[in-house]
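Structure provided below as structure tokens; questions to follow.
As written, the chains take the letters A, B, C and D, and residue 1 is the first residue of each chain.
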Amino acid sequence: MQTITELDPQLKVFEELESEVRGYIRSFPTTFVKAKDSMMWDVNDKAYIDFFAGAGALNYGHNNSKMKETLIRYLSEDGITHSLDMGTKAKATFLTKFNETILKPRGLEYKVMFPGPTGTNTVESALKLARKVTGRELVISFTNGFHGMTLGSLSITGNSFKRHGAGVSLNHSVAMPFDKYLGKDVDTVDYLERFLEDSGSGVALPAAIILETVQGEGGLNVANNVWLKRIEEVCRRWDILLIIDDVQAGCGRTGTFFSFETAGIKPDIVCLSKSISGYGTPMALTLIKPEYDLWAPGEHNGTFRGHNLAFITATEALTFWETEKFSEDIVAKGLLVDDFLTGLVSKYPELKGEVRGKGLFRGIACGVKGLADKICAEAFERGLIMETSGPNSEVFKIMPALTIDCKTLNQGFAIIEESVKASLTN
Amino acid sequence: MQTITELDPQLKVFEELESEVRGYIRSFPTTFVKAKDSMMWDVNDKAYIDFFAGAGALNYGHNNSKMKETLIRYLSEDGITHSLDMGTKAKATFLTKFNETILKPRGLEYKVMFPGPTGTNTVESALKLARKVTGRELVISFTNGFHGMTLGSLSITGNSFKRHGAGVSLNHSVAMPFDKYLGKDVDTVDYLERFLEDSGSGVALPAAIILETVQGEGGLNVANNVWLKRIEEVCRRWDILLIIDDVQAGCGRTGTFFSFETAGIKPDIVCLSKSISGYGTPMALTLIKPEYDLWAPGEHNGTFRGHNLAFITATEALTFWETEKFSEDIVAKGLLVDDFLTGLVSKYPELKGEVRGKGLFRGIACGVKGLADKICAEAFERGLIMETSGPNSEVFKIMPALTIDCKTLNQGFAIIEESVKASLTN
Amino acid sequence: MQTITELDPQLKVFEELESEVRGYIRSFPTTFVKAKDSMMWDVNDKAYIDFFAGAGALNYGHNNSKMKETLIRYLSEDGITHSLDMGTKAKATFLTKFNETILKPRGLEYKVMFPGPTGTNTVESALKLARKVTGRELVISFTNGFHGMTLGSLSITGNSFKRHGAGVSLNHSVAMPFDKYLGKDVDTVDYLERFLEDSGSGVALPAAIILETVQGEGGLNVANNVWLKRIEEVCRRWDILLIIDDVQAGCGRTGTFFSFETAGIKPDIVCLSKSISGYGTPMALTLIKPEYDLWAPGEHNGTFRGHNLAFITATEALTFWETEKFSEDIVAKGLLVDDFLTGLVSKYPELKGEVRGKGLFRGIACGVKGLADKICAEAFERGLIMETSGPNSEVFKIMPALTIDCKTLNQGFAIIEESVKASLTN
Amino acid sequence: MQTITELDPQLKVFEELESEVRGYIRSFPTTFVKAKDSMMWDVNDKAYIDFFAGAGALNYGHNNSKMKETLIRYLSEDGITHSLDMGTKAKATFLTKFNETILKPRGLEYKVMFPGPTGTNTVESALKLARKVTGRELVISFTNGFHGMTLGSLSITGNSFKRHGAGVSLNHSVAMPFDKYLGKDVDTVDYLERFLEDSGSGVALPAAIILETVQGEGGLNVANNVWLKRIEEVCRRWDILLIIDDVQAGCGRTGTFFSFETAGIKPDIVCLSKSISGYGTPMALTLIKPEYDLWAPGEHNGTFRGHNLAFITATEALTFWETEKFSEDIVAKGLLVDDFLTGLVSKYPELKGEVRGKGLFRGIACGVKGLADKICAEAFERGLIMETSGPNSEVFKIMPALTIDCKTLNQGFAIIEESVKASLTN
């Protein structure tokens, strides 16, 4: 078998100089150079369709033309780039437009916190605040939840390999069964309530319940709206803060800006990152119900919480949400994906496939060990970027840019089907 | 007294929409628009000299022309922006240049990890790795150290207000006295060794000792080179990993690229962020001795660890380090600052001032409660941005861009002297 | 309403000098003087039937004549009283007889540890050892389990009031649902296995699973033998140590010496205390499968682990177990209790009663809030000592000495029925 | 070399049936049968002088005649043995006499808690209460402190071997340097205060400071009265509870009933166990200033907290304290020990000996590795029981019963001198 660098001598740089921790480069062994919308090109000018979208950070595709234009203009005019949490015009403009375009039309009132520009930062800030507001320590999370890699976020993340990496015990958290974790007939909220009601259960009243409505890393497990509504009721009954981690599922991925909109719930805290800047540049927000905005100034901080280049593209990205059209398109394209995947599962029973997900956040869980990884590798060979998820990497994940056109989508489908065939015959 | 928004009606946006956690906007109550090198301008076109440098993230000033040019070109050509830890040309170029310009000439051999683009991320990755390598849990940090706001980094940070914000107990860490913490005559390494040698001390053998050579947030406390050398010896004697958190003190702030160069030590892990991208855009590195690069693929990760816009400017920024000139200039300007501050202290004994710091990382600790804050507020009025540090905000901090010209430096000095006078007479 | 001391002026001593933490004296407000077998007498010479048996520490009744005789002889001869873990003849004799009478006939091979003379001490030692043997930290316990009040034991105890008393967070433990916790139709082992099998569940592989086969404090919840067998299988499958906390349920309380005998399981570690000394004097044992006896000398210790007066009576107590007779008697008397309780429940439907327990470890869970406490208070008035258990004190507990004669048992029943009647009519 | 069981075939029982955790039997390889005052006899009728006193649990010697008589009478009359925390006449009598004989004459007002009958139990209860009273989590302890082996007590114990045995991380505690830990010229209270005063020190305001005035296990380190007074002042200044763990140093060991009497301090909580029962039977007390007695009923409990046999002998033991005579005798005998040890050190410079301790709590720290253990082994051969302490077992400890007569004391001295000689010449 060839080594990666025999395939592409440029990769030698990474092998020699970069840490062993690097991951995706092992699945996609090439050196990328350019990208535009749903396409990527490597050093050999080979083109790839992107069904990965930066793990959800590129919902508007690569280097969106309008955002790029705005960004270049801002740079040219020496707009301020870095400002910590000082006031800047770029930030004021973003705040105003976010309020007008996203919050107000949805009847949501949130104070906006800039917690540092990564998903794990918004989660850590949400945990701190929930603990401060309630005076409690415990946070309830769910099986197969993924919330980040710093110690606080990791303590509420399910994956044992990631958890083990902490090197210390991860405390102040309890994992409860996610929707359908115990089969389709068991309502796991009953289970949660049993523990909360019983003063002898060993599970204390938590500061917060945190969840993703669709578990992206955990295997595209979708929480039912009724289940979400019941979780919200549990929170209200026991004065527990409800935190929705919308880092991956938010910003339109499931069809609506916030993933929880169709459930009709109003979380107390919402975590946003990944696609919020629109351009793949680092940015994160923590949205807080005004009555819970009990921070002291500077109680949580971070050097890059004022990344104005991201604010500029983020503001531009919000224009997608000015009408219903964008949302409707996502849903429509999501159904195309669903049709394709459903067809695939019935056509190739050897996949032992189960279609999962919502909106443009979909995939197939394969019942054969190692198969999803194989399909992704075959797809890469054929010019498609796609990743796996789930505790055993058993799900291959169709997660294109929300802006993808149907032609490219169909090209992608064709490559996937070929890859499935190739994987099953080898 | 006027409210902030009466002073500047634009600030209303932040008061209404942004979380109470916002901090610097309270010290610098205006809305910034543009910035170039060492100058910033607000919405009213008022100009400010920047002696703050983005808390160390803007060592090369705002919107450096050459970096800007490179960045705009990259954007125009649709260079890939976001890539997680896939291979990209921008990353390969950075890695190569970093190795050639920084590591090799200093005789350092490190594997480079991209841990997510913030200071706290590199620290969290360093802690994880040290624990993995040694199989131990404890990490020894120092009084008044600052390492970040996520749970792992916070556990080794000294500030009680920040620590309390965690809302949970912070464990697996012990704070030892920093250099000169117990007075000039006490070598605190003796103290540390006493605890390590004695199997009954209650302090276990740690995985790592982590420190900043100059404590930026902690009050500009400078570790002596001899002390640093002894700390390294302690680490070697007990097989403890030495982690230097060079997030604020690194990238030239103290006069050399790494703050520890003059001490002649070779840390096992180095944490870099803030000015590594050169342009104020989020980026961080964890440098690891090859023998300790024991990560499994993906054991630590993060969405924005492949922020190519930052790699592009970071590569450009490294050109500053191709000769000795840049370093010599920093040292020379640092001496100007030192002269000025020393003069100030002797001219205004009411300051009860003590000059602190190294390179362009300097300031005065004022023996009068609240005085440093007052001086900064007066300076802001007069068009100078400067912040305080130290457990009681007792130090005002002169931290201009390393690229500042002498004229601007002197203008800044003049404003500071006026501000000192005004503060002492009110 | 009268204060306690108006009822009995002697109680003033306790109110004035003893801490507010005192508990049982509030339920049984008198001063006891003498006790013999199943009877107790107070300062006013009022006699009480004892259906409490020192919370399980007096399985052989008060001041058993043969043990008393042996003890007085030992004292008279200046037998050594206190010996830490030095060798003594009293200990050698106990070890030999325990092996011959208890372990060998049951086909059990255990090394015997003397961990300090209380229940919480044996549990703490078991947790330490399981963690040492496996190199893992987590311990799985069960809802409504009770294991003791020191920090390690408390971390695996369910009761929220007790847990809260710790004043710090209780870590390294996860509470799983006990048998029938989710209703009679749900096998909670499925639930436990789901978490163990799934590497994304957030629950790590534990060092040990610890449980009581009958939860004495938790409300007399009895684990089914099939459930216990499945738990043992889970332990074997995942190399988890099985710890049975037989502190309250052991020493014959459920009908056999060990409570787990009828389930046919062989725990890796067994915790014994309470009635092991036979005389109500402090003593505890930790039984360890020889292959797991990996302690270093003195790795766990305690001043009173060599309490020879307890060894003397403990040895005498073992004579009860030389034939099957004693066990058969317990079972027979247990059925009498069961008959009585079942009758009570059907005769007094207002109790909303559910009979619980096994052997002479039985009681009624009352569906009416506060009723069980009331019945116990009425019983005390009428000369019967009986306590409640369960998360809301909803169970009154019939737990007489195993040696009680049928006449006294029936007198007790009569008092209980009167007390039930009085409680329901008030 | 002979195995232990070749020396004494009776020891086989322990090797076969008892856990490897057994410790003292390895230093004193024989089987003891009888004991009286300061003498012990083994199965071979060999007599031993006891300079160990049950590690401080036998301050009144073995099987004191008056206590024995009282105890046998109580047993004969069927006085109640086991009562949890119900009221009993034996307990009332003890409480009254303890108040009259100990507390009142010393001007101390404490509520008395019975926390379970071991040292670690009283310490765990003290920690819980201090945390409850202050709402803080951290407890400050000292280097080489020993407080017990359950998880809470272990977290404030210094010994790394014992700590490691926990198998989990030990949190919520910080070890500060004990008196003279950094040499005779450094007042370690300065160090402690520096950390408390500095809000950036990384050490939070603690709930309590806990210490032994003489560290028995830690190597007979004696805290100076001035140092103790300063510690008390620190506690008052910062509203920190002062807990004196007098489990080993209390009950007269240092010359006064409480070890802290000569320092003139009034701790907020005092932990007593070991010799409080007087007879080597398990008992412990937690003394609490009335204003801090904020327990809810049953918030801390334990089966054997009502061990009336111990109350009976404990009451008898208090008669020793009715006059000053007993205390004066201890001091006088302590000086004899001191004279002997001082002489030994100067006569045998090869010992590199340093005399340590106070009252009848004394010993010699040997500067030669392994020597103290050797001397103890030689002494055992010659019929004297004596143990080592200190982080490296470098101290041999003279800790006879307080009631020892001068003749026996001198016989012991003679054996020690012979043992020293033998150890030095081998």
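Note that in this section a residue touches a chain if its C-beta (ideal position, glycine included) is under 8 Å from a C-beta of that chain, and two chains touch if they have at least 3 such contacts.
On a predicted model such as this, the values are computed, not experimentally measured, just so you know.
Q: So which of A-B, B-D or A-D matches A-C, with over half of the contact pairs the same residue numbers?
A: B-D
Q: Across the interfaces B-C and B-D, which one involves more C-beta pairs in contact?
A: Contact tally favours B-D.
Q: From the mean C-alpha coordinate of chain B to that of chain C, what's the distance rounded to whole Å?
A: Those two chain centres are 58 Å apart.
Q: Measuring centre to centre with CA averages, how many angstrom lie between chain C and chain D?
A: Taking the average C-alpha coordinate of chain C and of chain D, the gap between them is 30 Å.
Q: CA centre of chain B versus CA centre of chain D: separation in Å?
A: About 50 Å separates the centre of chain B from that of chain D.
Q: Which residues belonging to chain C are in contact with no fewer than two other chains?
A: Residue numbers touching two or more other chains: 137, 161, 168-169, 171-172.
Q: Using the touch rule from the top, collect the residues of chain B that touch chain C in their complex.
A: It comes out as residues 168-169.
Q: For chain C, which residues count as touching chain D in their complex?
A: Chain C residues touching chain D: 10-11, 13-14, 17-26, 28-36, 40, 43, 54-58, 62-63, 68, 71-72, 75-89, 91-92, 95-96, 98-99, 111-121, 124-125, 127-128, 130-132, 137, 148-153, 155, 161-162, 165-168, 171-172, 207, 247, 273-274, 279-282, 286, 288, 293-304, 307, 309.
Q: Which bits of chain A are touching chain C when the two form their complex?
A: 137, 141-145, 156-161, 163-164, 169, 171-175, 177, 181-182, 190-191, 194-195, 198-204, 218-219, 390-392
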